[in-house]
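Two complexes are shown next, each including subunit A; its partner changes from subunit B in the first to subunit C in the second.
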Partner chain A sequence: MVTRTILLLSVFGFGSLFAQDSRLQTRLPADVANQVQRLVDSAAQHGLPTEPLVQKALEGQSKGADGGRIVAAVRTLSGQLGEASTTLGPGAPEADVVAGAACLKAGATPEMITELRRLRPEQSLAVPLGVLSDLVALGVDVPKAWEQVHSLAASHGPDTEFLALRDRVSSPNSKPPPGPVQPKLVPSANPPP
Partner chain B sequence: MLDSEDRIDDPVVAAVVAELKHGPVPSLSVEDRVIGALNRDLKSQRVRSRLHLLARAAAVLLLLSGSIAAAWLGSRRLAGSPETTGSASQPVRFTLQASGLRRVAVVGDFNNWDPRATPMRRHGGTWDITLPLRPGRYRYSFVADDQKYLADPVRPPAGDDDFGTPTSVITVVN
Partner chain C sequence: MRATRALWGAVGVILSISRAQAQVQASVETGLGGMQYQGNPGAIASFAPSLSWSSSFFRMSADGAYTGFGDEREGTAGRAAASLFGRLGAGFTAEGFGTATGQTGPHLSQGAWLAGARIHYLTGVQGLWLGGARGAEPGSPTWRIEAGYWRDLGPVSLQLQAGQTMIQATELKTRLGPDTLTLDTVLVDQSKARSDLSAWLRWAGGPFQLGLGAGRHGNIARPADVWWESEAAWWISPRVALVGAAGDRPTDLTLGMTGGRYLLLSIRANLTAPRPRIPVPAPRSVPAGFRIERLNSNAVEFSLPGRGAHLVELMGDFTDWKPLPLEYASSGWWRIALPVSDGVHQVNVRFDGGPWEAPPGVTAVADEFGGVTGRIVVQ
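Moving on, here comes the complex of A and B:
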């Protein structure tokens, strides 16, 4: 009896660590929320960051994406987080893993991440990796972007220099954030309800 | 019925009768064993009772620790900052110049992509809002009139937009 009680309460106690995320339950249809929750729980069991997965699902909901697309996006991100985590090795900071995942998605190779780790063994890689993916998103091809990021990392440049590099490519004649520009209005794929 | 040993002539029978009159007296060793057994039983009951109490206390502690951990995780989730590095928040200003709009909000990894969470203020044709953000990398968009998603024209686009709408990235450093 005692053993059973302890067992039940243990399961309940530890189970609450993997409790369903109320944001998913309230924002997504039940079946979608459950599928995303399973992916989140699986990521947690593998020691991967889970908040980006939840945010990805909420982003999809906010943008009116259908359930299948949301689950697919979360699953893809989960795979990228796993690959980045493996590349960075055990104990990598969450921010590095997340930036590494974005980098891999942008087209960087695991070898690039490993090389950055070698060049900055004691520092976070979040900003260099983030800037690498930003440069690619801005239209710089991967080898050219890598060349610039690698050069800065090799010269032990601080995070601010990586950001300055990105800003020079982003807006050669001005610095963010002022410079308000009339945006092009783009309707969302599916307007939120 | 025999009243006295005197009336029994046979000495063997007399001895048996005398023994029977004394009755079956349990030996001291048997009593000791019974009392010992009872004591052991009592002791084991006490031990079991203590074990029950300990088990209950452990279960309550486990439950509490689980709930506290869940609450802690919940609060982290509510903070909604997946890529932050844990340092102090810094004010970050978001601006958008756009005329003819009734409402503009900013949505992103910092507010659970909730269009109602962070409405921007209008100053003429410029919308702006300043948010405290911890160091990290955030994806975000502007939402105009509850239906149009806009990228921030002064910050880099996100390269990983899975939902076909413009998304920007901001990196907050220490």
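Moving on, here comes the complex of A and C:
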């Protein structure tokens, strides 16, 4: 069986195990498409999500980037996906791996991702990791952003709370600012004579 | 008549504009407890409804309380507040506000109002405000100046505030005239000032919330009173909490309110959406300005203001980064419905063929191609 597999690989070439992505072939110059395809195939071999790589190449094409820049961007993302996948462990959902890659790119450490995994063993990490990346993108330094995200994760906050945290930082003026706090009405307003 | 019609018209405009993004919270609290005033203990029963309604530029709140005392006396109190906000840029927001309070008790019924303006300076997780207002308390016009500071520290929030209320009061007094043989009636200025200073700390973790408040207020005529109050809530379900509150209220001679210590145990029912687990603004998947609405399990509608453009396009990882034109909806807004899965997505928009940018209000992240993308969460 092993012999047959090796024989097939040698006859058809390694790349033929993976389908050529027609989007790459139709939207990118042939040489760029081929280089990206090889990176995509390699990622697939390692069990990494491949769609983000294809999307990164298509994004570059739509934004008018040259071939070298597109291939470099895809290669960088592939490396980040690999690191995130290793950190999250086998069987991690694709969305978590993608969000983890973005987080590492933003400056988070693998230990942070591991800690989030520990705090939310059964839940997706996509939103907490995405919010961590966003906070950093918004100018919050990594330790402070991590402190906020970690605090929410430790209190088992749902995804909506992470999004609320991001919204507070990203658009502080989108909600009315708090006004003066009033004392509790019940006991103070009805005094016996 | 015309003014009344204009007022209702303005209210109607505010209601219609803010309906789409308004957050409504309503709750009712029922409890039993005890209160000790001037050394006399007594039982109290309370019923307190509360309603708040806010959008990006409008906030209204109202709460009331009925308290029955053990000796069959009873009292009611209510207060309402409304504010309109306008962004001034550079982190500054202007606020016009009005508040009214009223109470009836065994021996008195009275009300007070205040209307004025505040200027807020906001920097994300903290803010500062300064304000001034004109109003009236029983029998006397008032002026007030105030300042405050708040800061969010994740599950903990802190607020400090201080104010000074000037109460204008005059009194007719009779005294001997300059010749010491006749009596003169003169108007004597009895104006006084009342200062207040308070600090509030709130914490939320899991199903628990804690709140602590303390302050002092007094007037020139007598020593300041110190007060405190505390509250702990345990949300046993998304809509029901057990609440314990205790505090010490000072006597307020100006409003004729007797102070006292109290302890109250109650049940709070949330009548609207399940409460947020931390005291932060209601969560939104995207900020105002770029709206995402899931139409069904497959399709999501994106809409955004078009800035007067004739062509608005959108692309993202859910369009294979192919630019798609939005269609003009109304009132300067453009929209498009697309099949999008739940999760985190990258998106760009552009106006009249200009540079690709993050949608308005969405976090912009540098891409690898010298530009930016917006990262959104679709739920």
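Going forward, the second predicted complex is superposed on the first by the 157 of 193 C-alpha atoms of A that agree within 3 Å, B and C clash if a C-alpha of one lies under 4 Å from a C-alpha of the other, contacts with A are read in each partner's own complex, and residues count from 1 in each chain.
In this text, a contact is a pair of C-beta atoms (placed from the backbone, for glycine too) under 8 Å apart; a residue touches a chain by one contact, two chains touch by 3 or more.
Since the model is a prediction, treat every value here as computed from it, not as a measurement.
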First (subunit B), second (subunit C), both or neither touched by A:112: neither
Partner chain(s) touched by A:63 [first = subunit B, second = subunit C, both, neither]: both
Subunit B versus subunit C as contact partner of A:49, first or second or both or neither: first
Touched partner set for A:164, first subunit B, second subunit C, both or neither: second
Touched partner set for A:148, first subunit B, second subunit C, both or neither: second
Which superposed partner A:88 touches (first subunit B, second subunit C, both, neither): neither
Which of subunit B and subunit C A:21 touches, first, second, both or neither: first
Touched partner set for A:127, first subunit B, second subunit C, both or neither: both
Overlapping contact positions on subunit A, where the subunit C interface meets the subunit B interface: 23, 52, 55-56, 58-63, 65, 69, 72-73, 76-77, 95, 98-99, 102, 126-127, 130, 133-134, 137-138, 159-160, 163, 166, 170-171, 174, 176-189, 191-192
Interface residues, subunit A side, partner subunit B - complex: 2, 5-6, 9-10, 12-17, 19, 21-23, 27, 49, 51-52, 54-56, 58-63, 65, 69, 72-73, 76-77, 93-95, 98-99, 102, 105-106, 124, 126-127, 130-131, 133-134, 136-138, 159-160, 163, 166, 170-171, 174, 176-189, 191-192
In the complex, subunit A residues that touch subunit C: 23, 52, 55-56, 58-65, 69, 72-73, 76-77, 95, 98-99, 102, 126-127, 130, 133-134, 137-138, 147-148, 151-152, 155-161, 163-193
Contacting residues of subunit C [partner subunit A, same complex]: 29, 31, 33, 35, 37, 40, 42, 44, 46, 48, 54, 56-59, 63-67, 69, 71, 73-79, 81, 83, 85, 87, 91, 93, 95, 97, 101, 103, 105-107, 118, 120, 122-125, 127, 129, 146, 148, 150, 152, 154-155, 159, 161, 163, 198, 200, 204-206, 213, 227, 229, 231, 245, 247, 249, 257-260, 262, 264, 276-278, 280-285, 287-288, 315, 317, 320-323, 343-344, 346, 356, 361-371, 373, 375, 377, 379
Touch list for subunit B against partner subunit A, complex: 51-52, 55-56, 58-60, 62-67, 69-70, 73-74, 76-77, 80-85, 93-98, 107, 109, 112-115, 126, 136-137, 139, 141-144, 146-160, 162-167, 169, 171, 173-174
